[in-house]
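Each of the next two complexes has chain A plus one other chain: chain B in the first, chain C in the second.
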Partner chain A sequence: MLNYAVKRLLLAVAIVSVAMLLLFTMIYLIPGDPAAVALGPRATEAMREALIVKMGLDQPVWVQFWNFFTRAWMGDLGREVLSERPVAQVVMENLPFTMALIAGGMTWSVALGIPLGCWAAVKRGSWADRLVGVLSVAVIAVPSFVIAIYALLIFAVALRWLPAIGAGEPGNPGDQITHLILPSLAVGLGWVGYIARMVRASMLEVLEAQHIRTARAFGLPDAMITYRYALTIAILPTITLLGVGIGQMLSSAVFAEIVFARPGVGKLVYDAILTRNYPLVSGAVLVTTVLFVLLNLAADLLIGALDPRVRSKL
Partner chain B sequence: MTVLAVSDLNVHFTTGAGELHALRDVSFDVSENRVVGVVGESGCGKSTLINAILNLLADNGRISSGSIEFSGQELTGLSRRQMRELRGPGIATVFQDPMGALNPVLPIGRQMRNIQYRSGQAKSEKDMRSLEALKRVRLPDPEAVLARYPHEFSGGMKQRIAIAMAVMMEPDLLIADEPTTALDATLEVAMIELLKDLQRQIGCSVLFISHHLGVVAELCDDVVVMYAGEVVERGSTREVFKNPGHPYSLKLLECDPARQTARRRDLPTIPGELPDLNHRPTGCIFAPRCPHRGKECADAPPDRQLDESHIVRCIRAGAV
Partner chain C sequence: MSAANSDFTRPARRPDFARAFDAVRRITAEPLGALGIFLVALMIGGALFADWLSAYEPGKISPRDRFLVPSWQHLLGTDQLGRDLFSRVLHGGRIALTVALFSTAVSLLIGIVLGLIAGYGPRWLDNLLLLLFDSIKSFPTVMLALALVTLFGPSLTAVVIVVVLVNVPGYARIIRTQTLALKESEFVTAAESMGAGTVRILRVHILPNVLGPLLILTSMDIPVVIAIEAGMSFLGLGVRPPTPSWGSILNDGFTAIRDTPWIAIAGGLPIILTTLGFTFLGETMRDVFDPRLKRHA
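So, the complex of A and B:
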């Protein structure tokens, strides 16, 4: 297991490094002079040149990349244009809100998707199976911002059951959780459908396997067969799917944060793009990438913990 | 005493191509302490027979008529729950493919502990019993086996583990579904010896499914010959092998490579192919491939008794 974990960790470091290279290249290829953009039309030539030296843009490309690369690994993502605060600090202030949102979305999708998928697989061909199938496709088809807007209109505006905007009072967990329910539902509901479909398909496959017939031939109770013997295997592809799904959840988080006016990395990037605050955009994108890679690493380690075959192969 | 009595068992499958009559009027007995072999080529209904006995037929299959009695209890029509109670302590099964027969993500010890869930013993006592069972099948280092996963074992070792699990149940009837087919020849011999020993030790009856005539001759007291979902001949192994009464048994024995005496270019085969079970002929099922067929074979053949326990489903039984 340790061997497997170390290999996965090294792979994650490599992926983040490549992502940094891509990010740097993209920023480098944006047309226009960053110094001129930052200073605005009334800046003098001397001011512009001073800023170029300050930003290190007079250096060769590889030196610029190396500086960006080493500083980023040390946690220095530069300073944002407007307030000159460190980008890392600004992003980290907003990150917990987005992570809470993603965690909420995952909770919805796992807590609803896995039981529904199991139920549909065990009752294959019944009305229950068909109902789960139709509902899954329906929630997959509806974009998360549409869910967000309707959830807001129904539960916050019409019924007044839940708060409409913000992230809740700081230091008041109960309030923060009630503020999280609707946005996380918007982020996670589509994934309930994906996970239900995925779990159903892989459960059906596993339930056909020889070893399940062996378990039945020894008279094991149905619940033990379904949850201990079959689901432990059927869950593995779903975990991989969730790892990838985090990327999509991060992008739906942008919409959810805007609709519910929540602080968060998504809202931060959105505002930074509108104000052309490029260091903030690139810093936030880099942090999001690292978050994505870390959560995928967690998914891989979880699979390794659950499946001894994976552990021994890598 | 009869442990298992199957009589006039019929099994149908509902398929896209219509009703498939997989087993027709299958009858045979397994007596106490006897090893009964079921032989026949692939697709003759051996596995369907086991699944019918265990009530593990696929969703589209059903027992349409007949009876399966286990220790005097009728199995057809038992509830799921009642049937589950029997599987394991009553009837234990070793399946054909040792590679896929064990759960890949649970340690062997967990799987062996789980099948003892009825005993109500403490974990440590269950593990002791697992160790005993693993020692019985002569696996080296049984303590280490408990902590390991199926993929860390070879096919032969996995099959020993599967046998240990079945033996641990101390069943009245052990069903072995081609337990040696996936193994190489040396392992096959070792496995047969092991099964023989264990059967003597725990004193159970065995229903042994195989398409290997040599193995059946070696291991079994009685033999049931199946063709296309019917029992064409049954009797003591000695009788059936020495004195086959059905043209199919005769052909099957002729085709056994182990029985070839003269050197020849091609191994003998039975010409023709298995009938389409979606349109099962009303007469003798083997007639289209039978060298002795006559007009009378168009009617359903009777079960002729040649000897005390030697029964042949052929109008000309014993005369061919």
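So, the complex of A and C:
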């Protein structure tokens, strides 16, 4: 297991390093002079040259990359253009809002997906099973930003049940949760489908197992067999699926934050693009990428711990 | 000798149209497959015949007709510039379809070439390519799109590049895995021992055997590609105005959602129906033609 963990960790470091190289290349290739963009049209030539030296843009490319690379690993993502605050600090201020949104999305997907998948497996072949199947495919297919807009339209604009804008009053958990309901539904609804399908498939497998048959032979009630003995095992693959799911929810979160005007990393990057605040764009993209890689790493290590067959594959 | 040989190696094939007809019949036998085909046909038909189906120009601005509610004159109403939304939705379908087909074709081509190289080439190159694929996949899709737009500016080019970067790693991995398996097979070893060159082996012996499953998976990716185009255009990072796109209609509607909700409905509905149609069709195709692929999903 230790061997596997070390190999997997090295792979994650390599992936992040290559991702940094790609990101650096992208920023380096942006047309236009970054110093001129940062200073605006009224800057003098002397100011521009001073900033070029300060930003290290007079150095050879590979020195620039090496500086970017080593500083990024130390957590220094440079300073943003407008307020000159450290990018890492700005991103970290916005990250909790995005994480709350993803946690909300996961809550929706687990709270709806597991019971639906379980129900479908128990009623295998019935109309209920087929309905859950079609609904799962449908919510997976429809893009999250369309769900976000329609949810906004139905529950906030037409019915006025829930607020449409913002993250709620700071320090007021009740208000913050009501503001979280719709955006997190938009983020999590697609995953209801994935989880329902996954739970159904693994429940069907578990329900055939020896110990379930034994429990039946002992005359235990059906509900107890389903929820106590079968579901606790069938749920394991779902936990690891969520590791990947969080990463994908990061993408949906960008749309949810923009549609519901919530603060967060997605909204941060979007606004930074509109104001050409490139250090903030690259920094925030890098942070979410590292987060994604870490979550996948955690999921893989968890699968590795639970299932020895996976370890031999790396 | 040669005649006997060709008789022996090529089994009699039924004419292509009969095979195609049979395939369609098997798909429509499933209710979801039939619904999928219907929705996809509706979308393609609407895109192809957009000019005949709507009396209005999609970009025609008429300030006196701003924000009209849906009626018999304007089936889906009009937007903030008085443009007919039904016409814009039909023409938006053209953009969606063109982008989906073009960028999927490009992704397939690049994915196949890289996958064959990774699977058949030297070990170090294989490892290098795998690391590159994993790194590209480690960017959350929308973040990748946002970062690329800083480089290319909002444009259709940016959309195509995002789609290619999102799709290629997956396609190349499938081709690579299958190539690795086939590399050791007897007919490839036989071809090698008869002196066949690398290109010939890849083209004649490996490619035809790895293509089938990939094509079905590709067709299942079409709704994802449509969602990427619409999503980027919704954020104002894809198709530039005044070109009609479902995403930009949705964005127009989002801006005015409190007073004129029908614009957002008009932009979202085609996205929902099309992604559902392609997904239902893709799922049915997979179940009918290649049930083994179900495990990949």
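By our rule, the second predicted complex is superposed on the first by the 243 of 314 C-alpha atoms of A that agree within 3 Å, B and C clash if a C-alpha of one lies under 4 Å from a C-alpha of the other, contacts with A are read in each partner's own complex, and residues count from 1 in each chain.
The rule we apply is simple: a residue touches a chain if its C-beta (ideal position, glycine included) is under 8 Å from a C-beta of that chain, and two chains touch if they have at least 3 such contacts.
Since the model is a prediction, treat every value here as computed from it, not as a measurement.
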| item | value |
| --- | --- |
| Partner chain(s) touched by A:256 [first = chain B, second = chain C, both, neither] | neither |
| Of chain B and chain C, the chain that contacts the larger number of chain A residues | C |
| First, second, both or neither for A:186, with chain B first and chain C second | neither |
| Chain B versus chain C as contact partner of A:158, first or second or both or neither | second |
| Contacts of A:285 with chain B and chain C, given as first, second, both or neither | second |
| Residues on chain B engaged by chain A in the complex (per definition of touch) | 54, 56, 84-89, 92-93, 95, 97, 100-107, 114-115, 117-118, 149, 151-152, 162, 165, 169 |
| For the chain A and chain B complex, residues of the former touching the latter | 209-211, 213-221, 224, 228-229, 232-233, 306-309, 312 |
| List of chain C residues in touch with chain A within their complex | 32, 131-132, 134-136, 138-144, 146-151, 223, 227, 230-231, 234-235, 237, 250, 253-254, 257-258, 261, 264-265, 268, 271-272, 275-276, 278-280, 283 |
| Residue numbers on chain A that touch chain C, as the complex places them | 11, 14-16, 18-19, 22-23, 26-27, 29-30, 134, 137-138, 140-143, 145-146, 149-150, 152-153, 157-158, 247-248, 250-252, 254-255, 258-259, 266, 269-270, 273, 276, 278, 281-282, 284-285, 288-289, 292-293, 296 |
